[in-house]
Amino acid sequence: MDAAIPAPLPAPPVKPPGIWRQGWYRFRRNRGGMVGLGLVLLVVLVALACPFLAPHDPGDQSAMLRGGARAAPSWLHPLGTDRMGYDVLSRVLYGAPTALAVGLGAMAIASLVGIVIGGIAGYVGGLLDEVLMRFAEFFLVIPVFVVILAVVRLFGIIVVGTPLEKVPHLNLLTIIALLGLFGWPPIARMARAEFLRLKQAEFVEAAICIGATKRDILLRHILPNALPSLIVLVALGIGGAVLAEAMVSFLGFGDPKAISWGQMLYFNYEALKVAPWGSLAPGVAIFLTVLGFNLLADGLTDAFNPRLRQ
Amino acid sequence: MPSIPVSASSPPLLRAEGLVVHFHTRDGVVRAVDGVDFEVGRGETLGIVGESGSGKTISSLALLRLVPPPARIEAGRVLFEGEDLLALPETAMTRVRGRRISMIFQNPATSLNPILSVGAQLSEILVWHGMATKREAPERIAELLRLVGLTDPAARLRQYPHELSGGMRQRVGIARALLCDPSLVLADEPTTALDVTIQAQILDLLAELRARLGMSMVLVTHDMGVVARMADRITVMYAGRVCESGSARTIFHSPQHPYTRALLDSMPRLDRSYRSGGRQLLPAIAGRPPGLLNPPAGCRFAARCPEATAECRRVLPVQVAVGPDHMVACLRRGSQGMAA
Amino acid sequence: MGTLRYILRRLFFCACLVVGVSLILFALINAIGNPIEILLAERPGMTDEIVAEISRYYGLDGSVTDRYLTWAGAMLQGDFGTSIIYNQPVGGMLVTFGLETLKIQVPGILIALLASVGASVLAATRQYSRVDFGVISAAMLGHSLPGFFVGILLILVFAYWLGILPSYGAYSTRSMLMDSEIIDGLWHMVLPVSMLAFFNTATLTLLLRASLVDTLRQDYITAARAAGLPERRVVLGHALRNAFIPVLTYLGILFGLMLGTAPVTETVFTWPGLGALYIMAIQQLDYPLIMGTTMVITVMLVAATLLTDIAYVLIDPRIRLG
Amino acid sequence: MSTAGPLLQVEKLSKHYSVGSRGLFRRSGGTIRAVDDVSFHLRVGETLGLVGESGCGKTTTARSILHLVQPTGGTVRFEGEDILPVFAAGARPDVLRIRSRLQYVFQDPTLALNPRWTIGETLREPLRIHWPGRRDQWEARIAELLGLVGLEPQHAWRYPHEFSGGQRQRVGIARALAVEPRLLILDEPVSSLDISVRAQILNLLVSLQQRLGLGYLYISHDLASVRFVSSHVAVMYLGKLVEMAEVDAIFARPRHHYTRALLSAIPVPDPDSTQPRIALQGEVPSALRRPAGCPFHPRCPAARTVCREVEPRLEEDEFGHRLACHNPA
């Protein structure tokens, strides 16, 4: 080795762009992605600030007593009132936290299950991989929505008379849990593919040669490199979960105690002809939320997998 | 525009003049090919050598107007048998491609359509160009497959690309290029994806076919050994420009451009001992090729050139004749400067 | 040989799937206890004996495994039991309602396939152009519009505002349009089929365009062009077929999604299909009907995936021995 | 050269794969003998060039030595220690002791560096693992390593995508050198680089070897670079070692017909070359259907009856030239 004692490293110059910052630069140039991000931020903002934004109490049905149900939009009720006498705008704003809770909750469960199952399948491989992936394929092909409807309905009966009955918003929690438990297979498949690819990646082999522990390899090398592709799926999945909850609620299987866009459609669809605003407003809210997450996912794909475009 | 002295005897089969191809990316314009001239005589093999990013592949694709989307041919002429291919209408161009100029691709694994049988994809081309009817096609193709050294051609016709080995696929690729008896074949790194013993077989095959069929060839490669074996004349490219062109012998025995010289010197040689008389190092070229997004003003090689002067960094050299059939683009060899 | 083996393997997997779904549902239904007891609990004058009698009539006595095996055995012979609410054989109802479901789903997906091929070719061959941007944007918007909301909009515009198309049902209840059952049926199909076609076109276009753009960059496409084939043949003959391969998998999933969300579609249009029947069944806890509808939906879905698997093998010679 | 014992001694190393679909639907397959009964050794300061065409088993040999794949049989002694059982047992201090002295440089430096880490973080990883108690020396060592491979200290804060291929390969070499190894396994270290940059990296490897007294196992299909880098050359064909000798002996007087064909197949950068040409017929057979007898006999211009039946053993002549051929040139 050199006899001279080398100087220590100089102080870092201006912080160079890392992969995340690089991704952000690319993301910023994607018009669709930016629109998506804007929409998602809007939903989040509304969800956080709905008590201050809403002109009326979302539980206020007094308009009905005054005979003001199904009233067309006015200064007092900017989006009108629905057939139950609620202020449509307030209900739509208060639907945002529910939608986000469903989307984030369901995808939190799905990501956890998906990354663990897919990660194990991809990293361990062999027979375990085959068994886990058949299992995932099974979940991918069954008519999830049909099963969820049955479970929501039947579970509602099963809990009667048990301590579970007293859990607040049990129905909504059930829907979130089900969407999560049925939503993991796409994430698991992607996680498997990524873990399998990265397990054989040369920089992972380099880490093995250096003597890195399995834990280091999984948590410091493989997982961070697998995340971008997974985040895209999660963003798509949030939109999907919001939509699925809306459909479940639209069919009348939602949580009667929660304020959700699907429920609004369920209650107001009958009055579509006389009070279309009661159905249009929540429908547009669902559309914008789903669009926001879809565009965001598209922008993220572009930002983190640049080889797909070039 | 620089002009190439037309050899007195006969006009060249193909002549590219001032070819410019730019990639329009989101980061800006990449000057992949920036004013390139070369010519191919009848029955002659021109080797275009250069490293990755030198623009050699894009130049060859530009001859057929097949540069991929973000790239666009910005300027230049491609004179082929008297007509400018860049000015032809698209329909006329489809009668040039495959029929009068055909192409052999680098990667035989990806350049054959994976879902069509060998017979189906070759006969489609033959029938489209009116060289055979659907009924005659299989027989013609089988004959050609035998010519390129494939055994049992009748069986090969029914096979799919994934059922063939790499060497066999490349033979099919060569057969495809010969279907319509073209006068010029463009071969883009035809052996780079192959192992050396298979490479030797394919090179032998190409040399034999060329002698037998009398066609001209443009051979694009980064391998100095391959051009030395195959080419009559050589054009050396660096960072989107031509450095030097001349007969194969001139380029290898008396290269003039500093890049050509340095490149030849820096390559380890099979026929030389590096152990006798103490450990020897290679005369390496320092630095690396410039990016083409914002290429430096002046000669593209100036930053790595041992002979570069301040002027070299300022003005772009234009090719100048330094001997019979020998052109160099270097200010230190008498080139005129072109304001960048 | 390889192809046959592959298909047999898929068949085996599909059979496992059908059994699995039936097991899940059966277990769930049993977890709530005796459905007859729940149904009759609120009715006055029901003695235990009557409940036991009715339970026996519907085969609800005996252990859970016995009951499952009895049900499965009967189902395999085509006997799905009797609907508790409608007091009709479930099998017959499934056929009637199933055909209504297919009547809107199949045209929906076929129209979508044609439309998305057109849109994708248009967009992918003009990558980065305004046309391309327009197609992607429209597809993205359409893909994000919830299907049932599209249905609601269609009804609002064409049934309520313009009044030119019916808003509900498969047939007119009073007088047929032009006194023809066929024309009347088609007239009712317009809105539901439009909704399904709209949603599927958007999703398929997004996928197919991306795949086509990718395929058009492949070496063999450049090779086909270099061989002098005209652009039309290169795109339609070479690129499109290859581009379809990755999309095929999704086509199966898409068809499954449509069948799976049939309850929503059919609720929006009050369409007398399997989905609507299913909603009715779970609301009323009509367990033979729940099991029957679920089975039929699952089998249709499995058949769709199986068809895409076979199409895969036919299109892509590389997986013949897979 | 003969004073010290061998740095690396590989004996009868084998790696076999069984192929065919595994799992729930078992199907018949076969065995691929990717590496079959390979033995060689390498002394301090020497470079053994391991050459052959794709699929000949040269990379699998290297990966087996490092236990990146688990060998089917054979022993590997490194500095006299039988290392394969140590890897298999997995006791961390023992594994680290070997790993620190036996390092690998990968073919494609773009793939071999974690894209999310700065160069500094990449170089810090081996120090973190092997020198946990010398934290105060890490930064100085990183600067020293960067200097050693011809990079600047401030490059430590950059990400791999900001570098060219040649610079990335320098980083890959620096990482391998971080904890003072004795042997580097170099797997095609220049084949993914631009031709005008290759000579720089080859020179760097040779100077580092002289300065640090390293042993190299240099794997390549590029025979010209092998001639420049290596002191000895081993030629592999279908998982077997067919010839091994000092570099100048192999290039000047190859004796195995495969080696001769391989050398003659390489086009020489000289249009007037009178290089003898030995054209080989056919292609390398699938490793699943390896010919009986000498694996090379179906393509060998000098094959005799015995070659079809008896597999030749690798034997050494009086000059240390080892050869597996019944009818050598």
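Here are a few things to note about the model shown:
Letters are used for the chains, namely A, B, C and D, taken in the order the chains are written, and counting of residues starts over at 1 for each.
In this text, contacts are C-beta pairs under 8 Å (C-beta built on N, C-alpha and C of every residue); 3 or more make two chains touch, one makes a residue touch a chain.
Being a predicted model, the structure only gives us computed values, none of them experimental.
For the pair subunit C and subunit D, chains touching both partners: A, B. Counting C-beta pairs in contact across A-D and across B-D shows that the higher total falls to B-D.
Comparing chain C-alpha centroids with the centroid of the full set of protein C-alpha atoms picks out A as the closest. Taking the mean of the C-alpha atoms as each chain's centre, subunit A and subunit D sit 48 Å apart. The distance from the centre of subunit B to the centre of subunit D, with each centre set as the mean of the Cα atoms, comes to 32 Å. Put simply, the C-alpha centre of subunit A and that of subunit C have 24 angstrom between them.
Averaging C-alpha coordinates per chain places the centre of subunit A 51 Å away from that of subunit B.
Residue positions 70 of subunit B each touch two or more of the other chains. Annotation for subunit A: residues touching 2 or more other chains are 134. On the side of subunit A, the complex with subunit D involves touching residues 1-2, 5-10, 12-13, 15-19, 22, 126-127, 130, 134, 201-203, 205-213, 221, 224-225. Looking at the complex, you find that subunit D touches subunit B at residues 53-54, 164, 166-167, 194-200, 202-203, 206-207, 210, 221, 223-225, 227-228, 231, 247-248, 251-252, 261-273, 277, 279-280, 283-284. Against subunit B, the residues of subunit C that register as touching in their complex are 127-128, 217-220, 222-231, 233, 237-238, 241-242, 245, 315-318. Looking at the complex, you find that subunit A touches subunit C at residues 32, 134, 137-138, 140-147, 149-151, 153-155, 157-158, 239, 243, 246-247, 250-252, 265, 269, 272-273, 276, 279-280, 283, 286-287, 290-291, 294-295, 298, 308. On the side of subunit C, the complex with subunit A involves touching residues 13, 16-17, 20-21, 24-25, 28-29, 31-32, 38, 137, 140-141, 143-146, 148-149, 152-153, 155-156, 160, 214, 253, 256-257, 259-261, 263-264, 267-268, 278-279, 282-283, 285, 290, 294, 297-298, 301-302, 305.
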